[in-house]
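Structure, as structure tokens:
By written order: A, B, C and D. Residues from 1 in each chain.
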Amino acid sequence: MSTATLEPRVHAPRNYLNADYGWKSWLFTLDHKRIALLYLISVTFFFLVGGSFAVLMRIHLTEPQGALVQPETYNKLFTLHGVIMIFFFLIPSIPAVLGNFLVPLMVGARDLAFPKLNLLSWYIYIVGGMFTLYSAIAGGVDTGWTFYTPYSSTYSNTQVTAVAIGVFVTGFSSILTGLNFIVTIHKMRCPGLTWFRMPLFLWSMYATSLIMVLGTPVLAITIFLLALEHLFHVGIFSPALGGDPLLFQHLFWFYSHPAVYIMILPAMGVVSEIIACFSRKRIFGYSIVAFSSVAIAVLGFLVWGHHMFVTGQSVFAGLIFSLLSFLVAIPSAIKVFNWTATLYKGSISYEAPMLYAMGFIGLFTMGGLTGLFLASLATDVHLNGTYFVVAHFHYIMVGGAVMGYLGGIHFWWPKISGRKYPDMWAGIAAVIIFIGFNLTFFPQFILGYLGMPRRYAFYPAEFQVLNVMSSAGATVLGVGYLIPLIYLIWSMRYGPIAEPNPWGATGLEWTTASPPPTENFAEIPVVTEEAYAYGPKEGSGD
Amino acid sequence: MQSMPFQPEQASSIAKSVDELYLFLTLVTVFFSALIFSVIFYFMIRYRRRSPDERPKPIEGNFPLEVLWTTIPTLIVAVIFVWSSMLYFKNAEAPKGSMEIFVTGKQWMWKVEHPEGQREINEVHVPLGRPVKLTMTSEDVIHDFFVPAFRVKKDVLPGRYTSLWFTATKVGTFHLFCAQYCGAFHAGMIGSIIVQEPDEFERWLAGGTPGESMEQAGEKVFQSSGCSTCHTPDGAGLGPSLLGVYGQPVKLTTGETVTADDAYIRESILLPKAKIVMGYTPIMPTFQGQLTEEQLNDVIAYIRALGKSQPKPKEEGKQ
Amino acid sequence: MSHPIVPQKTYILVFLCLIGLTILTTGVAFIDLGAFNTVAALVIAFAKMSLVILFFMGVRSSSGLVRIILIAGFFWFALLVAFTMTDYHTRTWTPVPQAWSSGAPPTHP
Amino acid sequence: MTDAESHAEKGMAHQFEDLDQQHDADMLGIWVFLITEIMFFGGVFAAYAIYRWMYFSAFDGGSHILDIRLGAANTIVLLGSSLTMVLSVRAAQTGNRRSTVLFLIATMILGGIFLGVKGYEYHQKFVEHVVPGLDWAPEGKTLALLAPGGVQHAQIYFIFYFAMTGLHAIHMIIGMGLLLWLVLRARKDAFTPHYFAPVEVVGLYWHFVDIVWIFLFPLLYLIGGRY
């Protein structure tokens, strides 16, 4: 609620922040920008909770026998770290914060199509979060965020039901957000804004929404069946009673693999905006980048079986899933090449958002390429379930999605808050995060190849050196994350007032005031040119 | 133990080929990462903003270039896919005549049984240079049998058998890990694979505690659990005789015919009412939870022996 | 933008068709068609669903976008079932491990 | 779905330019929602398909416990409610408030009958002791029907029976709540021939729930035939 206490600026024009005061004006708001801020505060809270679990884990793993907690507690730490980071931070981060704020602005509308559903989605998210936090307080849960049966359904006597309800409930928040975006992008674009004039961020939000809408319900029903099995022991997934535990994995990964694309596609959209702005260039191969987002969303649904190569899935199914997993790498590669080519003959400046975007490209490239090791059957047999996997998905989710999220927050912060942050500190933080991230997770690739399995509370002594390196890196990374938190909060009160378009960017969101008025635009804008008209003609677009 | 810090030991016949693919993938990764990094660095310096009003000329894109950088990754992943799938399929099936070992996963230990009757816990003795096939199952949750030095891994599932195989190429002791999270002491579900010279292995097999063979153990369970009171050899009991049944077709009350293989016997013990033999009533109680996986396997081994070593009985069961 | 107003008669006719199909599907269950019973039941269910979607839900006169969305929904469901089934149906293509699969009884010294 | 009090045109929300755009958005919204519903039920249908394939005879046996007459009758009741629903939408479209309300109430009554019959069937399952997890002890004739296919696996059939019909019934109850809300709004004259999207949206939802049942009936009641 800290933003609610923003000091009213006497001379400030009316905007969405000072339009109304008091907690009611926030908790019952239908303004997409205020709801975005509600989400911003809540995902930051969950990020800090999930992050503190990660810190505890890394401290624990500095010694082979475990330095801090009992193995049972360690298992609860990594489970809650996973559940909170995935369902309560990464999935809502860019869509529900930046997407909520920007989609109506970018399409030139006064709000999303369904503002009440939008507010409802935040409440649903909070209810889901409460169940999850309750489970943490009431003793924790130790199934891993993947909830594999029959361990979760029959053998674990921790708070499985509470977490299952939490994840089930929060899924609907994601569904409503996706639904709202799809309808808004289809039906509420302002005059002149054709599909191929849309900023790439909108394309990526559209692709993300497709996954949210098509995938999340399957997770919901799977978790529902899991809860039934956990409560009644009737044999849905329990082999002792005739059920098949692999069926749970199929249904679970049908959503949970595409969920990775829910995290990474929005970050790709953010990076497209940032690169175009800070190199003052149209995105190279705009339509190909746009289509590759949709291709990733569609193909991403057909690769889930690569999580199950060693589980006793049929080898032929494995073959198909391996092939499709390789195919989904191609649109990602195309995007990276196009971003790089965008820089060619540009006019590049190095403000903080650009540093994050460059960090994103580097880390995402490595994360993507190491994915090939896991899509390939023969090497996956060795690497599956080891720290290699942990390193790989952290390169994608933290190196990719979180870098993109932070880049986006820095890019649009002047628009969101109406204030500027100290660019030097932002640059320092970006570099610290990049270094800390690599120190933390690169050693884990080697650990995994050497054979250290994930989710181990203690480990053979020969793995200690690399684990200590990783923990040291985590310290740097943790510090790196705290710096933006401090200066962004500082800037809300003391930062210099931001002009409507501080970066000289194109895009409708920069044509209105910073922060925007409640109705977004004094008059519904009309678009007359393509996105990213940074060319020399001094376009009238902004 | 590990002298090379960046590579696990290569101690099986397939390890080298997996490492070659791994190396190739690493080279691809390093090459493309370096390419992207250096191009970005070059562009960021070469095209840095020199004056605030700079307005570079827009570039739409370049279709041939797009085709090029779609084709090249496609070709590379095609190569990797074919290479890795061939390797995987080559390594999927155990060679004929592999030595067999039975492994049961249980929270949080590995129980190992050799056909000769030797039993061990969290240790697997194997001979050098001979293909060994592990048949595995779990008594509770999903585990995973993982030997990094051999580059093999397979989930161990409850209610089902999975298998993996390897040929050890180095004498020594190697890590055995559980690689599928299985509960509180998942990290403690580790053990060692002990590779010995063949003659040394034979000595080990013969020596130590001379355990009884699986079928001997199975016979004991068969008696002590009361199976023998109904399943009498002459077929006069309440249940069908099990002589000569193994591997033969069995007619069911539903009219279907099934083969009395391991899966059927296992099901009949655990879920006796699922498939009733023609002419008998579903009165057998379930032995679910009363027999351990090991005992179950022993009984199956015993029934198998009944099927092989006895002549086929007269056609008295057909009604 | 609203749909054209459909005469009541059409709706009632569709309803009667649906009743007829319900009776048909129940009746077919009493005839032995072997595996074809399942096929018949599903085909009739699809026919009923099509009637409801086209007439009651008005897809007959709705925009292409709605049709695409609807088809996408069914297509995704088909993907889920098809890919999962691929695993189950091909598991037995390779030898299924058994307790001692080589067939050779355990030899003992 | 959306309504704002103070606006030029009746029923229009502030974020839209005109009623047409709003109507389009509402329609697209409900259709997108319905495909999430397809995937929601899709997950449990997929699981059902796999177990039915694995344990066909057990599912066959379980299916024989159900009363095919009640299932068929309920199908017809539900189809009837779809008819009254669509007629209610039509009445709203033509501006006939009285018929709109009457048809909505008729839909609710038919929905109530459906739920009543369903409740009776659930009760029967308790009488026959075929409720997995709560009361599972089939005996006598019931056991004789289940035994050939395997009693244990019939339990899986019944958990799917309860999960699928239960989820369907929850959707019905939500639908009845929405219908009640529509009745109250319609009585206040909230709808016009230009603005009746809420009726249409709830109607589409109701038809979807009907479609789910169209599949549940053959998949649960008609396995294996009754010859």
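In the analysis below, a contact is a pair of C-beta atoms (placed from the backbone, for glycine too) under 8 Å apart; a residue touches a chain by one contact, two chains touch by 3 or more.
As the structure is a prediction and not an experimental result, all values here were calculated from the model.
Participant: Which two chains have the greatest number of C-beta pairs in contact?
Facilitator: A-B
Participant: Going by CA means, which chain is nearest the middle of everything shown?
Facilitator: Measuring from the global C-alpha mean, the nearest chain centre belongs to A.
Participant: With chain centres defined as C-alpha means, what is the inter-centre distance between chain B and chain C in Å?
Facilitator: 36
Participant: Find the geometric centre of each of chain B and chain D from their Cα atoms only, then give the gap between the two centres in Å, rounded to an integer.
Facilitator: One centre to the other, that is 44 Å.
Participant: As a quick test, compute the distance in whole Å between the mean CA positions of chain C and chain D.
Facilitator: One centre to the other, that is 17 Å.
Participant: Where in chain C do residues touch two or more other chains at once?
Facilitator: Answer for chain C, listing residues that touch two or more other chains: 65, 72-73, 76, 80, 84, 88, 94.
Participant: Touching at least two other chains at once: which residues of chain A meet that condition?
Facilitator: Each of 186, 214, 218, 242, 246-247, 251, 254, 315 in chain A touches at least two other chains.
Participant: At least two partner chains per residue is the criterion; list those residues in chain B.
Facilitator: 92, 162, 271
Participant: If each protein chain is taken as a node and each touching pair as an edge, is the resulting graph a line, ring, star, complete or other?
Facilitator: Graph shape here is complete: every pair of chains touches.
Participant: What residues on chain B touch chain C, complex-wise?
Facilitator: My answer: residues 92-93, 96-98, 100, 102, 115-117, 133, 135, 161-163, 205-206, 213-215, 261-263, 266, 297, 300-301, 304-305, 308.
Participant: Considering only the defined contacts, which chain A positions touch chain D in the complex?
Facilitator: For chain A paired with chain D, touching residues are 104, 109-117, 175, 179-180, 182-184, 186-188, 213-218, 220-222, 224-225, 228, 231-236, 241-244, 247, 251, 254, 519, 524.
Participant: Can you tell me which positions in chain C touch chain B when the two form their complex?
Facilitator: The touching residues are 94-102, 105-109.
Participant: Flag every residue of chain A that touches chain B in the complex, lowest number first.
Facilitator: It is residues 71-72, 75, 142, 144, 146, 148, 150-151, 154-156, 239-240, 242, 245-246, 279-282, 284-288, 310-312, 315, 318-319, 322-323, 326-327, 329-330, 333-334, 336-338, 340-341, 343-350, 358, 361-362, 365-366, 369-370, 372-373, 376-379, 381-382, 384-386, 446, 449-451, 453-460, 462, 532-536, 538 of chain A that touch chain B.
Participant: Which positions of chain D touch chain C when the two form their complex?
Facilitator: 20, 23-24, 27-28, 31-32, 34-35, 38-39, 42-43, 45-46, 49-50, 53-54, 68, 72, 75-76, 79-80, 82-83, 85-87, 90, 93-94, 193-194, 203-204, 207-208, 210-211, 214-215, 217-219, 222-227
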